[in-house]
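Okay, got some structures for you below.
Same chain, two partners: chain A is paired with chain B first, then with chain C.
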Partner chain A sequence: MIADLGFFALVIAFGVSIYAAVAAWYGNRVDEPRWVESGRNAVILVFPLVALSAGTIIMSLLNNDFSIEYVWRVSSIDMPTYLKVTSLWGGQAGSLLFWNLLLALFAAVVMMRKWRVDREFMPYVIIVISMTQVFFLGISAFIENPFTRMTVIPPDGNGLNPLLRHPGMIIHPPMLYLGFVGFVIPYSFAMAALLTNKLDDRWIRTTRRWTLVAWLFLSLGLILGGRWAYDVLGWGGYWAWDPVENASLMPWLAGTAFLHSVMIQEKRNMFKMWNMFLIVMTYCLVILGTFVVRSGVISSVHSFAQSAIGPFFFAFIVIMFLFSAYWMTKRREDLATENQINSFLSREAAFLYNNFLIMAILAVVFLFTYYPIFSELFTGEKGFVGAPVYEQATAPLFAALLLLMGVAPLTMWYKTSAKRLEMSLLWPAVATTVIVGVIFALGIRYWAALLGMWIVIFSLILTLIEFWKGTRARMKRGENVLTAYGHLLSRNRRRYGGYWIHIGVLVMAFGIIGTEVFQQQTQLNLQNGESLTMGNYEMVFNGVERFPGPDDLLITEADVDVFYNGRFVKNLNPRTELYTRTGQPMTIPAARSTISEDFYVLLVNWEPTSSTEATFRVYVNPLINWVWAGGLIFVIGTLIAAWPDPRKEKVAEAKRERMALGVGD
Partner chain B sequence: MKEERNLILEAYFVVRKRQPTTHYPLRTMSSRFIVLSLFLTMFASLLVLPAAAQDVETEEPVLREVSDDEVNEVAKDLYCPVCENTPLDVCPTKACADWRELIRTKLAAGETKQDVFDYFVLQYGDSALARPPKTGINFVLWLLPFIAVALGLVFFARYMKGLRQDDPETVTSASGVQDVSPEPAPDDYSARVEQELKGK
Partner chain C sequence: MADTSWTNTGEEALLDKSKSNRWKFIVGGLLLVAAIGYLVVNAMSGSTQLYKTVDEFYAQQARLIGRDLRVSGYVIGDTVEYTQIDAANSRLEFDIVDNPAAPGQRLHIVVLNEPVPDLLQDHAQALVEGSADGNGVFTANPGGLFLKCPTRYEEMEYEGEGQPAVQPADY
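The block that comes next holds the complex of A and B.
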């Protein structure tokens, strides 16, 4: 049987991973490079084995082999082919296997690309990656085994969870997982640096692109998740501070702090311990996130105890944390630095403020997310923190971070004179105040929104000025604006890509302020032909239809015409879908989007809908599309920053050699 | 007792638009009569006012029409006790639809938002509320972010304070290279950009 082959491959991969770790360790210990090379080959071999295993699951899904429990659970005969393939990550067992596949892929790529350059790190990189791989393969092979058989073969499967049958949901989990898995690589290099006691910034430079790419995928996962929520979940928003969302936000936050603070180490050789700590924390949050996303641990301590994988994950995180902490303590003297921050107004101090704010947000999110567990442990009663509390607690911190985003790039390394800083801040501040004054004059009186907009516009102006100054400097050499700007970007991708990321975040923040503060909503029951009015919009209800959809779907679809200022603008079909087999309802909104706002209509199934009347929930979401546009800018910025540049790589290589010779930068 | 009666009398005369009292020595009027007339007035007003309200709403006196928006306004701050992390106003399940009807009934019976919250807390515990009350362990939770931020600030301030003592001009880096802090002149921004573009 094909599934037996898959399981067999999985067990072999497990054994090979153990071998890789042991061989690398032994080879390093007896100083026998052949053993280390054998370990490397073993790491590379794991990928085809896991790929074979995942391939058999996909084959079984395509062949409707319901003798396999996982296939029965997530698939059904009449599901479209592409959904059958993507069902690989539609359930817990499958998604863990998918995690394994991605890790094996990344590990193989690292082994092939970085082998010669960072040879001395390699034994330890192999050990750390393999330890992680062994853990996840062990879980896949022996605890959450996707190849488990059914005692009785059912004629048809359950079908994929309806919520997951959306293009956004098909691409969103792989993005998150790529992000999660990607962070394993910088972590393993950090550990290698610790264990070899080569604690300069080499491990950071080597893994810079890995970190950025992991961070990019995690960001993409978060943005796509938000879009998916907005398109499918039917509650008019994109972020609910759900534990599962938070579980992927937390590693992102830690990773963001890491990406910023490594720059201090690269430039000033400081904060080595802190950077180690950040990458260890990111790694632990990644493992925790993987676990939380797929299990109902937050809902109750009891489900944690019942969950087969819970204790294993917990033990693994503790072991890896203690392992990292032990080596950090052991190397604390080598991690110390004699360099110090000289001024509150310096780039390094600004990075530190950034880290402080991000850590504060992370602490709040962590505390609130795991509060139900703490509360149940200590009081026996299940506690809960809802979205409004998260917003209240994090909004001031995010606002400070946005302000810092604009001001920090103006500071210089070592020291910036307060006067200079004031001079460069004065006119942008005046301009921003004028703009916000205009917004005020237009009738917006809500102070939090005005303050938020002030910060966003101020930071945006400052960032654009930075671009302009850089471009102008190059234009002095006779280049035109576009060439000058292009050169600026390509010569310092990291900085100017980073500025684009900042602009993306600011545009998103503008959209978030708009939707959070100015969202309007109403709910009304309409008879056929009646209409409702909200703001400048009028919505006429033309009728409702019920018909069977593909699979076991029962669709109820309303037909409404939207008028803006009395002019017809769009016909919309909001609907509810009922998966009759599982009884799971879904509310699919319809929206009329413009750059300034969305008119977003939900067909609400509060009462059984008859053919002549229906209940609608209508939202006006101002500036919502700025959130998506900002997300796009953000991704483009990250791509600019992460794009390979062979010329610069050579320079970096030369620089590494210079540093090794003690010339310094 | 006497004072209380005087108060009542005063109130009565206020109602009667402060008719001159001096011409009618109080003692001559039977106090029983005054109290009686006061009660009569109150009773009459009780009868008249609901009738007036009824004229406007043409509804039964206790129940009123509660719009979906009013229900949502309350439900959005409650979390569905069965589905995880879903605010009650958007939860599509049947159970939540029933809970929303319950809210509607309660509002129709004249209960306030807080009454409804109290009911849900009584039935399902604090976890039904989007904003947990600041009592017991919840209070600790509420305090912890502040403590965390404060601790961070203290740590940070101490770190920075220690630094200000140092001479900012010459600091030796760990690699043994002396790195001085050269503050560029105010107008050499373009030079700085150029240098960075070339050097890095």
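The block that comes next holds the complex of A and C.
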């Protein structure tokens, strides 16, 4: 049986991972590189084994083999082929197997790279990665087994939850998982550096791209998740501070702090302990996030320990944390820094503020997310923190971070003259004030929004000036604007890619301020031909049709005309789709999108008995498309920063090699 | 002082400076931590909710009337009722229980002027923010009804004999 083959492959992969860790440990202990090499091959072998296992699940999904419980749960005969394939991560057991597959892929790629330079790290990297794999493969094979059989073979399956049949939801879990597993790699190198006591910044340089790629995927996962919520969940929003969302945001925050603070270590050889701490924290938050995302322990009233896999995850996180903490304590003297921050107005100080703010946001989100657990522990009564509390507590911190985003790039290493900084801030501040004055004159009186917009515009102007300064310097050498700008980016990918990421965040922030502060909504029941008015919009209801769709769908579709300032702008068809077999409805919003706002309509209710009336819920979401545009800029910026530069690769490798030989900079 | 000192005074001055800098950073850091503590306490004061199951709610009902709560329970599918009162007003009602397999006490939830969420299905886990009156009717805050993430969906149990766990709707 094909399922037996898959399960067998999974169990072998589990055994091979144990072997990899033991072989690497033994080889290192007795100084026999053959054993380490064998461990390395074992790590590589895990990937085809897990791939085989995942392949059998996909085969079973495609063959409608409902003797496998997982296939019955997430698939059905008439589901389109692409959905059957993606159902691999449509449910709990399958998605954990998929998690394992991605981790095995990353691990295999790391193992197949050239190890000429960092060879002494290898045994420890193998041990750390393999321990993580042993844990997750163990859970997959023995606790949440996707190959469990049905006692009675049903004729058809449940089908994938309709809410998950959205492109955003098909891509979102893989992105998030890639981000999660990606951070295992820098963590394993950090541990290797710690255990070998090679505590210069080589582990950081070696894993810089891994970290950036992991971070990119995690960012994409978060953005796509928001887009899915906006398109599918029908509440006109994209972020709800739900514990599951927070569980992915927290490792992202820790990773963001890490990406920034490693630059101080590279430049000034400071913050070694802190960087170690950040990557350990990121890793622990990744494991915790994987658990929370999968089990929903916090949103259910059942406590952590009551979930079947809860104690295992908890134990694993504690073990990994104690292991890391032990070695950090043991190496504390080697992690100490002689260098000091000389000035409050220096680049290193700016990075310190950045880290402080991000950590503060992380701490607040952590406290609020796990407040049900903490409050029960301390007061005996479970409490809960809702979205408005998150917003109120984190908004000032985010605002400070956005301001820093614009100002920090103007500072210099060691010390910046206050006079100079003032000079470069003055005119942008004046320009920003003028722009915000115009916004005020246009009728916006909400002071928090005006302040937020001031900060965003100010930082945006400062960042654009940085681009202009760099480009102009190159143009003086006789290059035209485009060439100069292109060279600026390609010669300093990390720096200017980073600035593009900042621009993306600022554009998103602008959109977030717009939607958070100025969203309008209403719900109204209309008769055929009646209309509702909201702001400058008028919506006329023309009627409803009900007709069968593909599969088992029954579609109810309304027809409305949207007028803006009395002028017809668009015909919209908000609808509901009912999956008749499971009785699961799905509300599909329709929107008229412009750069300034979305007019977003939901068909809330329509009774076939009184077919001349229907209820609509309507939202005006100002600046929502800035959120998505900012997300796109953010991703492009990350790609610029992470894109390999063959010339620099060689230099960097030579540098790492010198460091490995102890020659230093 | 000059006669006892043999260290390079310039270096000493530098050390002193870095020491005073360190103190500045520590004091500044503590002030910032205090500021963040204030932000958190200020945001949370009066805005956190008590989180109760249905049975817990009934056990402490007298004490909980009128307070901002978040209750959690499983939806009884055939109690879901949506009424359009007039053009601008609608009422959604349903009952939740702690354990759908062994239903105990039911809590009656009323949600005003909100759409029926797609996930409001039999056995779905509902989280409702709102408050209860003396008659045991729990009224949700605006936007206060949440249904648990769709992955819940796969937790339906197969009821055997080639019968789907959920019957097709009557259309």
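In the analysis below, the second predicted complex is superposed on the first by the 620 of 665 C-alpha atoms of A that agree within 3 Å, B and C clash if a C-alpha of one lies under 4 Å from a C-alpha of the other, contacts with A are read in each partner's own complex, and residues count from 1 in each chain.
Basically, contacts are C-beta pairs under 8 Å (C-beta built on N, C-alpha and C of every residue); 3 or more make two chains touch, one makes a residue touch a chain.
Note that the structure is a prediction, hence the values are computed from the model and not measured.
Asker: Fit or clash for chain B plus chain C once both are placed on chain A?
Answerer: They clash.
Asker: Tell me the contact category for A:340 with respect to chain B and chain C: first, second, both or neither.
Answerer: both
Asker: Tell me which partner A:611 touches in the superposition: chain B (first), chain C (second), both or neither.
Answerer: neither
Asker: So, does A:329 touch the first partner chain B, the second partner chain C, both, or neither?
Answerer: neither
Asker: Considering only the touch criterion stated at the top, classify A:533 as touching first (chain B), second (chain C), both, or neither.
Answerer: A:533: touches no partner chain.
Asker: Where does A:372 make contact in the superposed view: on chain B (first), on chain C (second), on both, or on neither?
Answerer: A:372 contacts both chain B and chain C.
Asker: Give one of first, second, both or neither to describe whether A:381 is in contact with chain B, with chain C, with both, or with none.
Answerer: both
Asker: Between chain B and chain C, whom does A:596 touch in the aligned arrangement: first, second, both, or neither?
Answerer: Neither chain B nor chain C is touched by A:596.
Asker: Is A:91 in contact with chain B, with chain C, with both, or with neither (first, second, both, neither)?
Answerer: second
Asker: Thinking of the overlay built on chain A, is A:571 touched by chain B (first), by chain C (second), by both, or by neither?
Answerer: Neither chain B nor chain C is touched by A:571.
Asker: Quick one: from 7-15, 25-33, 43-51 or 115-123, give me the piece of chain B that collides with chain C in the overlay.
Answerer: So the stretch of chain B colliding with chain C after superposition is 115-123.
Asker: Share the list of chain A residues that count as touching for chain B in one structure and for chain C in the other.
Answerer: On chain A, the overlap between the chain B and chain C contacts is residues 234-235, 242, 296, 299, 340-344, 352, 356, 360, 363-364, 367, 371-372, 375, 381-386, 388-389, 393, 523-525, 585-587, 605, 615, 617.
Asker: Quick check: in the complex, which residue numbers of chain A touch chain B?
Answerer: 200, 234-236, 240, 242-243, 268-269, 296, 298-299, 337-344, 349, 352, 356, 359-360, 363-364, 367-368, 371-372, 374-375, 378-379, 381-389, 393, 412-417, 420, 423, 469-470, 472-474, 476, 487-488, 491-492, 495, 521-525, 576, 585-587, 605-606, 615, 617, 648, 651, 659, 662, 664
Asker: Using the touch rule from the top, collect the residues of chain C that touch chain A in their complex.
Answerer: It comes out as residues 17-18, 21-22, 24-25, 29, 32, 36, 39-40, 42-44, 47-53, 70, 72, 82, 84, 86-88, 90, 113-116, 118-119, 121, 125, 127, 129, 143, 146, 148-154, 156, 158, 160-162, 164-169, 171.
Asker: Spell out the residues on chain A that touch chain C in their complex, using ranges where they run on.
Answerer: Residue positions touching the partner: 69, 72-74, 90-92, 150, 152, 154-156, 158, 161-164, 234-235, 242, 244, 294, 296, 299-301, 340-344, 352, 356, 360, 363-364, 367, 371-372, 375, 381-386, 388-390, 392-393, 396-397, 523-526, 552, 554, 578, 580-587, 602, 604-605, 613, 615, 617.
Asker: Sort out for me which residues of chain B touch chain A in the complex.
Answerer: Where chain B meets chain A, its residues are 67-69, 72, 77, 79, 84-85, 87, 90, 92-93, 97, 100, 125-132, 136-138, 141, 144-145, 148-149, 152-153, 156, 160, 163, 166, 168, 171-177, 179, 181-184, 186, 189-190, 193-194, 196-197, 200.
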